[in-house]
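Two complexes, one shared chain (chain A), two partners (chain B, chain C).
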Partner chain A sequence: MTDPRPGKRGVRLLAANNTLMLLAVAIILFATFSLMSQSFFSRYNLRTFLINLSFFVIVATGETLVLISGNLDFSIGGVIALTSVLVARLNELGVNIYLAMLLSLLVGALTGVLNGWLVVKMKLNSIIVTLGTSAVTAGLALVISNALTIAIFEDTLGFLGRGTIARIPVPIVLMAVAVTFASIVLHRSKSGFKIYASGANSRAAYISGINTDSIQLVLYVICGFAASLGGLVLTALSAVGMPRHGVGQEIAIITAVILGGVPLGGGKGSVVGTLIGMFIMQVIYNGLTQLNVIPYYIQIIQGLLLILIVTVYVRSERISRGVKQ
Partner chain B sequence: MADAAILRMTGISKYFPGVTALDDVDLGLMRGEVLGLVGQNGAGKSTLIKVLDGVYQCDKGQILLDGEKVELKHPSDAYRMGIRVIHQELSTFESLTVAENIFAGELVTTGALGRVAWKRMADESNQVLRELGIDIDARTVMGELNLSQKQLVEIAKAIRKKAKILIMDEPTSALGEKDINTLFGIVRKLASAGISVIYISHHLDEVFRITDRVMVLRDGKNVSTLTTGDTSREELITLMVGRAISEMYPKRRIEIGEPIFELRDFSLRGAFREVGFTLRGAEILGIFGLLGCGKDEIIESIFGLLERDAGTLWVSGKSVSIKAPFEATQNNLGLVPVDRKKDGFALSMKVKENIVMANVGGLGKGWMIDRRLYEDKAKKWVAALNIKTPSLNTITESLSGGNQQKVVLAKCLESGAKVVIMNEPTRGIDVGAKVEIYRIMESICEDGGSIIMLSSDLPEIMSLADRVLVVSKGRITAELAYGEYTQEMLLHAANQ
Partner chain C sequence: MSANGRRQPFLRRLVNLATNSRTPAPALVVFLVMICAVFGGFNPLFFSWQNINSIINNLTFIGVLCLGMTIIIVTGEIDLSIGSNIALCSVLVTKMFDFGFPVVAVILAVLSIGLAIGVLNGLLVNAVGINSIIATIGTMTTLKGLALLFTQTKPMTVNPFYSFLGRGYVFQVLPITAVYFVVLLVAFSYVLKYTVLGRNLYYVGANKVAARLAGINVNRTKYIAFAISGLVAAFAALIITSQLSHGRPEMGEGAELEVITIVVLGGISIFGGIGNYFGVVVALIIMTVIGNGMVLMDLPIFWRYVARGVILIIALLIDAVKTKRRQVTIKLKSVRT
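Coming up: the complex of A and B.
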């Protein structure tokens, strides 16, 4: 087949490389803020920035997998809160810290099992189900903590937030491991192929002998586990178990995943895309904060940027497919 | 002669970059005539209709309507001049009433406030429906109607106002035999009322039943226009394909082997009862039945898509339990579903991805994918089945229907299927691609595989199947061996 629109080849090349386009946006934003604000490019701020980013990316990695497989998970915010409160409360009660951490990590995994079972076996809508479990987990966090902040000064847990491995802060190491591992699974493994196929057309994948049910269920468990791990990191960083940790952040995380190139409905995208998407959101937040912009405006700017980039995606998708309108 | 013709298109040419879609095509349409328009996919049928409908403007040629030269720059021009098109995919508003659908875009209003005249619209709609002999009340909500009723409503909508020419694009693709008869009754009624109909169809038997004349297009050129009564199926296919029909169905020279697959006492309440049959190696077993007879449910329950109430399945002499499709593929079964785009492959995935989708486990040792093996497998099937694609990385949606179907077949074969179940293997694909699919079926049997084929295309199932099982009301009513039955016997058993 010959290309009927030779003049648009350049546009289509860019369209085929949404990740590159996104990376360019991220670099431009980073450079701009570095030039505009001395404090942004300071060693201290960059360290804080990267550690914050790590927390978000660890959680977003799980969410990315769920979205690629064609579902959504809104319960991650509630899971972060419940995990955070639970580990602090168990520590307060004198439970061995390793056991406390293990039990707290189970919060996410079990919520994932419940989400997956309701979505896959009971065939319920994933948005409704996870909004429900989000309310339940966030509510449980309030019950356990009596809506109060619980201090946790504990070095074993603290290591997850404040420790370093080879002079690199632990959250950043965890982020690197999560992104690398998920990328290898997605792009190089048989399971990754099945995840993309489940999202692209779950019925055709199912008829082709792919066990789409168990794939989607396992991804919910992984997503919940990642959220719990993020919850522990956040608790370690702040040294408090707090029922407001994570609540509402599921929106920011899902936004970053979509910004990073996973369409609602799934079948496409990458964890590296999510990393860049999250980076852009955080650069804007951190950079504008350093420039003393009122936080309300920051939210508006982030929202507008999301709409802008998604518009570019949709247009470039149409150009590369040759669809008019 | 010129006065009898309501429409004359002469010397129509249409060029797209790199492609000549129409090359000096002439079309004459008489008043009250049903003209069949046939040709393979890509022959130029749709382009010609779009020129007539004002969607495209022709680069050369002219259009005379009632002897006067007209310029059709936009679909609204065509509409104003009485040209109506009913597309293959219906464009109905499901949540609105039949009357609202019939008057869509042209609501009747009264008074200075522009109140909508609901009653008048309903009455007028009912009148149009009655004139056509359609038994539907105009106040019914569209979503409650079945597919064929919706189609009839579209016809009512099309002819309500000053229609002169009605163009129907594959109107029967989703209809059962009874609905087709109703539709044909209405088409005849319209023709006798002086409306001219252009009828586009892949189903040649329909073309013979309903049209007065038939026009054949091939590669964007006029091949011939014939009086329907003076031609034959063979002649039409020869004209469409540019070769003789004797080459269409593969020659039968494959030795039937031992039994390899058996079904015993399959039952599912409300769908089928006590169904059993044996399939032999290298055999093509046809299953024929009317819409809703239960044949689709039988194969879905074989494949683990439906849970049956009773019955056992035997593969190579061993009883197997299949509760989900992945267990079916493990037992070397493959399915080519009837709804290719919904169930057959992922539209947004690459050709190579769809080809290996049913054999991800075979893409290398352990849990990693061997990239080279992956590419080699995809390459092998693209070559073996002659899949016409710009590259292995092309998005499968952009291929033609025939090539999409070959991708689905490649997927089945790559999974190592020894028993391939094909539901309507050539639905919606052109004659040339059909022949290729038949050759692939033949080579599956040569390689020791077997095929269960469901088809509503009579000549196809009669010439390809070694045996045909006829299903009616959930039971097998006849088993017919190749060459030992007639079309009438088949239809008789299907209506039992």
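Coming up: the complex of A and C.
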């Protein structure tokens, strides 16, 4: 922890997964945008901001768990699209809305089972496999919807996006539940310890009697389920099932998870870190939009941010391991 | 394979054929003949000269990309940024023609931009030390944003000579792009098989530490692989803009997945160090024929994405089974000695 070179201290702090420092960055960014733009700190925008944030955080919670256990899941974008289109299409066909929602949630869970089986049992590279399942799910979403947007005006589903519980919007409640649940599992249960262990060194964990395979598989299922839930929330918010929902957002979500302190190999990090990471990214996104910046710049910033964050982590990892470069 | 003399089920034998031989090419050729028969049965137009010409025309764009991706994957790395690289390059072609650049200048400029992007990827992987998948996803997002930023809806000034470069026919029969592809294929095969650089690419992919200890400059080899990948993507962008006479930021979207699918299906191990171009070319023809046949069968285009994902997963499974067998063999050998 003690580094004689003063110049590296910032890097070291970030490397030590200093959630406080991330929080400071988040607050500084938030304050800056509030000062720069009148509309940013308006009640209406903050509400929109928080609801958008909750959609992302619900999905990112699952991704965080998978990443901590040492894998990656790129299929979440496709799962969101497929869930969204499926629920709208089933509703259009006159299927009971509860059944439709249940079936759509199953999509994510089943994709998770497939991902988990391919990665854990068949020992395939998790990134390439989930890019494959992402192509399948996004393709099926296009097939089902015929690339059209399907309107869905359904109060039961709409409640997930537009409803309130005790005057708090439902997506925010769902986000709070997801983050609390995942935090309790990670930090206050035996399974949480096993998740960290299988990410930090899956071989050692396996030898110590932890069933790393079943843990990683279950986490894939949870991640798929979370993505489906996020898909339902997004459908409810926008009142349309759309095959473009969620496409490409897996990159934003994974960037946020890494920014939140989960290293690429897994074994470290927390859901609260992810929440703050996502908060930072959404503040940048929302703030730049309020400042009338062309959205394409935001995409460029997102890509550069991913490279920058990973660079910082890789460098600090090397410094802390004492590898000379 | 039938040690106990019993006939094995068809599926089992097919899996054996695909996973046992050094290259999956024989199994792929059988599969190719099968799907050609099916598509030809559904629509006799499939075997018309016009359709075969269109298959060849479609094949070259993805085929050129496969040449570069093979080199990257053999080296044990991956380049997901090629799709966005194409998008950016095609948009820049439009821009430069708008500014009135001469054809040669445009071609040279675009090729050097592609090369620069490749070197940038190499820099992120080598000098910074980021996992190549994540690094190229970062550049993918950034380049896509740049391409969208530069977009102009104005149609491109079509230069007849530039159009001819991608649309012309040799002896009025063979698409000129097929000639480019064959020339490049021969050159790439030669480099991969018969030159020091080609051998180095295999060694680096098979075992980086051993390669370094054997005196191979691992970093330089990886730089070259990434540079080639970027250069090839720029060349593909030139082909597609010339064929379609315009450039837009959606060009090349999803190309990286299709190309990886073909390369892995063609027997290039995703773990690096194994495979050759023969299987890749057969896999390339298979994927192009599937795309073409689906159009002829009037299936919605979206089924192609689904098929692509499914085939990618199957190809990865075959690769994993083969790798597992190879590791078992190596273990057995080491026990014996």
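Please note the rule applied: the second predicted complex is superposed on the first by the 282 of 325 C-alpha atoms of A that agree within 3 Å, B and C clash if a C-alpha of one lies under 4 Å from a C-alpha of the other, contacts with A are read in each partner's own complex, and residues count from 1 in each chain.
Heads up, the rule we're going with is that contacts are C-beta pairs under 8 Å (C-beta built on N, C-alpha and C of every residue); 3 or more make two chains touch, one makes a residue touch a chain.
Predicted model only: the values in this text are computed from it and were never measured.
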Have a look at where A:K268 lands relative to chain B and chain C in the superposition and call it first, second, both or neither.
first
Does chain B (first) or chain C (second) touch A:G132, or do both, or does neither?
second
By residue count, is chain A touched more by chain B or by chain C?
C
Considering only touches as defined above, state whether A:Y196 meets chain B (first), chain C (second), both or neither.
first
Could you say whether A:A166 touches chain B, chain C, both of them, or neither, answering first, second, both or neither?
neither
Return first, second, both or neither, reflecting whether A:L93 touches chain B, chain C, both chains, or no partner chain.
neither
Touching A:Y206, do we find chain B (first), chain C (second), both, or neither?
first
Using the touch definition from the top, list the residues of chain C that touch chain A in their complex.
78, 124, 128-131, 133-135, 137-146, 148-149, 254, 257, 260-261, 264, 270, 300, 302-310, 312-313, 316-317, 320, 324
Name, in rising order, each residue of chain A that touches chain C in their complex.
118, 122-125, 127-129, 131-140, 142-143, 146-147, 251, 264, 294, 296-304, 306-307, 310-311, 314-315, 318, 325
Seen from chain B, its contact residues with chain A in the complex are 16-18, 303, 305, 324-326, 328-330, 335, 337, 342-349, 353, 356-358, 360-361, 363-364, 367-369, 390, 395, 397-398, 411, 415
Quick check: in the complex, which residue numbers of chain A touch chain B?
1-2, 4-5, 188-194, 196-197, 200-201, 203-211, 267-268, 321-322
